[in-house]
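Shared chain: chain A. Partners: chain B in the first complex, chain C in the second.
Moving on to the complex of A and B:
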């Protein structure tokens, strides 16, 4: 078969915040750069980010990168690598000011400086009191960011391949990465993108869960491609959940609803938070509320035919109050839960929001794997940045506004590293292996030829329900063990998916089947990693790792202060040390994470 | 305006891979349940709506933004149901 080959210095998969930031670096250095995206760049999921981006500019009050670093290490429950965290926090001001120069319309103070607001977990003076550190553009921060960086790329002559789906990573016998295969949606044709340096910036994989705040596009393609190419995935047990997503739909209901007097109830109408948090009740912190909800559901007090959600009740509030203070929420409840919250409580569940783990990288954006006793050996030609990567700055738990920062800092640093690496390489590309496209072609051929196979939507739903029920916000030893079994069974079904529509052009059914092959890798990695880690830390909380004087909050630093690495081959786990040594300052010493 | 199968397939992809989850869910449901009952003029309006930025389209659907024409208002009303 004759496969078209496109040669570039650099190929970037993903045109969200991370991919666009890296592309600026490469194109402005005069390198021939291609960016592939499943959707038009400004429709990437970064567009959903509202809260802002963290940087210790100190525009409204005193602030320091070292304080930001402390907050990030503590937020990560000490699982973040302190070299990468120092790097990110020190670079924050630079990348935010650059973004301002690209034309980002930040909110401003009267004196013209960028306005900053407070955000959970960001404190001054090493955890003393909240500090204003988040920079935003109204409630459209992600949107404004994408537009500013897209324009900059157009000027710099970045070549965009819009509505192209990367399918597989290409590696030669030495393991060097030489680019990707990709499918053009408009024709259904497979092409090869041959590159000296390849960056994955494919975003998160939140669609592995039944309830997710993530848009449909977050199918973890970069993680699936990496795993199929033999690259391990790091810390995949760590997912951040939000307590109140609309059951079934996932759309977020803000904390403000409980602030206005909203009450959570179980199947017998009981206000169950009174049992879990007698003082704060429904206003307890996100993780406490999420875990209480999960316990009610697990113990059979959930609502609905499957007993798999609880109710957020605001029917006792005056309709006028709801209309006035919570109009957006009423709209969301009507649209996505089919109930008018003035009359009927809203079904809600703890909902997956952000992926802390990903493709292992160092702070220069290089993908690193264990080899011959060294845990961080770079994979030649391969880089990753943004939510699909694990640098690791978020460790076991991300602070809000740190992920937009992550994609700016590591988008830029990976771009810089790629520029240096490409300039140090010979002028001609390394030779493509003969079988460069074979894996992708075989996957497509299998799908097109499948007879009496499985339905993609049904299998995806089975995966999502398994993940939600067995590796949700609160994890139970026996459910995890069962979950490992169940997800392997789902994997067998993924191998046999069948599509009725075999057309070549804009075949969404085919694309969704290919996406499912990526999702299942992430689902397995998550379930197996979560089953393996027998402590509680950050977002990973198990019923059998409880609070004791020796192991506060169930965290066991003697045994578990280490990163998980999951390998697709053999579905096996390995571990690597956390880097506790920052670049220039003292280690931020282990402590109980308490606010 | 009636769409070819190819245009229809492209429209589906552009409706179910959006930047905002709210828009994904709304458009997917609409395509599955109501799209086939639209007349030519309504199809044209829907195609234009689907081309918009996510925040703009969601604002129109949830009523925080005003539709530009009565035709747009009519299709938006169907999207909201």
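Moving on to the complex of A and C:
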């Protein structure tokens, strides 16, 4: 079969925030860059981010990157790498100001500077009291950001391949990455994108869970491709359940609502967060708030006929404030909860939102794997940034507004690294292996030829229900062990999916079947990693790792202060040390986490 | 559980000589509140039904289509607001690729033609450029556009001249930059639109305002661009 080959200096897979930010760097450096995206860039899921992006601009009150760093390390429950966290927090002001220069319509203070609001876990002076650090464009920060970055790419003449789905990573015998295979969705044709540097910016995989704030497109394509190509996935047991998804619908309600004064209440109207986090209250870290809500519901203090949600109350706020700062939330509440939050509190439940783990990288955006005793050996030609990557800045729990910061900082740094690396490479590309497209072609041929197989929709649902039931907000030893077994059964079903649609033109059934093959890798990695980690830390809380004087909140630093690495080959786990050494400041020492 | 009837425009160039309307029904639960929920159920039944979708909360702009004769987003359309059979067609005026998926090339070409990016040639300051809250407020109702194309594909002027008339979405974006105090390309932007077609094919029939799922008002923005042109001329 004759596969068309496109040669580029750089290929970026994904046109959300991280991909677009990296593309700006590469295009403005004059390198020949292709950006592949399953959807038109402004439809990427960054568009749905609401509350803001963290930067210690100090526009409303004193702030410092070092305080931000402290909050991020503490938020991560000390699992974040302190070099990467220092790097991100120090770079925050620079990347946010650049975004403003690109035209991003931030809200403004009276003095004309960028408006900042409080957010969960963001504190001044090393954890003292909430600080206004989240830079916001109303409650549409992600939308404003994604459009501003797409617009900057239009100016920089970036070349987009819109509605192309990357299928597999291409590596040669040395393991060097040489690009990807991809399918043009309109024609069903498979092409090769041959590159000196390949960046994955494919976002998250929240669709492994049944109840998720994530878009349909968040299917972990980069993680699936990386896993199939022998790259391990890091810390996949850590999934953030956002406290406030609309009950039933899953649609996100930003933490910015609580930043503007919103309060969580149980069935008796009590502001229950006062009991769980006396200092930060409703603005404690997300894992803490989600667990508190789940506990309230579990203990019978939930609201509604089935007592299965709590209420997010902003009825005490001025309607003008809601209209000005939270207009999108009001729309969402009316559309998806059927209530006008000016008059009626919004029913909310913890909902799967963000993947803290991902493809292991360092803070320069290089993908790193263990090799001969060194845990962080770069894979030549391969980079990752944004939610699909694990730098690791979020550790066991991400702070709100650090996701948009992550994609800006590491989108930029990976772009810069790629520019430097490409300039240092020989002018000609390394030779493509003869079998570069074989895996992808075999996957497509299997689907085309599958007879009496299983329905994609049903198998996906089985996976999502298993994940929801066995790896949710609270985790149980026996359910995890059972979950590992159940997910491998689902995997067998994924291998036999059948699609009725055999058209070459815009075959969305085929796309969904291919996406499911990526999702299942993420699901396996999650379940196996969660089963392996027998402590409680951040978003991963187990019934058999409880609060003791020796292990506060079940966290066991003696044995578990380490990153998980999951390998697809053999479904096996390995571990690597957490980098506790920042770049310039002193280590933020281990401490019990309280808000 | 209730049965809901649909009549859906189908066309797969791989096997169909011409488009046809398919009658199909689906069983829905009370939780399937939005049209997109129903369509996902339909697709589980017939996986060949092709449509775009992503965020399912009205912010990505993927699932625009013609619903009972009016353009809108499937994810923001309440099932109980729709008379049956629910008639779904692709957005009018753009070439159909397959089923409910249209070729949006011309739509984005027009968006790109207005230079949809901030132009400011001063050296970038170390910190943010300042903008008063009042000046920032001028961008409200403009920057929120999700490029779903509901507006442009409901506009007869865009149907007749999609290659020459920028259309409501592109013009809304043009005014978003004209209205931004940080942008310095006002004259260049107005020159770019001073043409019998690009701007002046808008006859203010306001179909765009009627269908915008984000409640934006392109006609008003177009009026403001026309005002700026007049003011510039005198």
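Operating definition for what follows: the second predicted complex is superposed on the first by the 489 of 595 C-alpha atoms of A that agree within 3 Å, B and C clash if a C-alpha of one lies under 4 Å from a C-alpha of the other, contacts with A are read in each partner's own complex, and residues count from 1 in each chain.
Throughout what follows, contacts are C-beta pairs under 8 Å (C-beta built on N, C-alpha and C of every residue); 3 or more make two chains touch, one makes a residue touch a chain.
The model shown is predicted, which means the values in this text are computed figures rather than measured ones.
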| item | value |
| --- | --- |
| Combined model on chain A: chain C and chain B, fit or clash | clash |
| Contacts of A:336 with chain B and chain C, given as first, second, both or neither | both |
| First (chain B), second (chain C), both or neither touched by A:47 | both |
| Contacts of A:275 with chain B and chain C, given as first, second, both or neither | neither |
| Chain B versus chain C as contact partner of A:105, first or second or both or neither | second |
| Partner chain in contact with A:572 - chain B first, chain C second, else both or neither | neither |
| First, second, both or neither for A:477, with chain B first and chain C second | neither |
| First (chain B), second (chain C), both or neither touched by A:154 | second |
| Superposed model, chain A: greater residue contact from chain B or chain C | C |
| Partner chain in contact with A:217 - chain B first, chain C second, else both or neither | both |
| Among 110-118, 128-136 or 146-154 on chain C, the segment whose C-alpha atoms clash with chain B after superposition | 146-154 |
| Footprint overlap on chain A, comparing chain B with chain C | 39, 42-45, 47-48, 140, 143, 186, 215-217, 249, 251, 328, 331-332, 335-336, 503, 505-508 |
| Chain A residues touching chain C - in the complex, by the definition given at the top | 39-40, 42-45, 47-48, 57, 96-98, 100-103, 105-114, 137, 140, 143-144, 147-148, 151-152, 154-155, 186, 215-217, 248-249, 251-252, 328, 331-332, 335-336, 455-458, 499-501, 503-509, 512 |
| Residue ranges of chain C in contact with chain A within the complex | 12-15, 31, 33, 43-44, 46-48, 50-62, 76, 97-99, 101, 104, 108, 112, 115-118, 120, 124, 126-133, 135-136, 139, 143-144, 146-147, 177, 180, 182-183 |
| In the complex with chain B, residue positions of chain A that touch it | 38-39, 42-48, 140, 143, 163, 185-186, 212-217, 249-251, 328, 331-332, 335-336, 503, 505-508, 511 |
| For the chain B and chain A complex, residues of the former touching the latter | 5-6, 9-10, 12-14, 16-22, 24-26, 28, 53-55, 61-64, 80 |
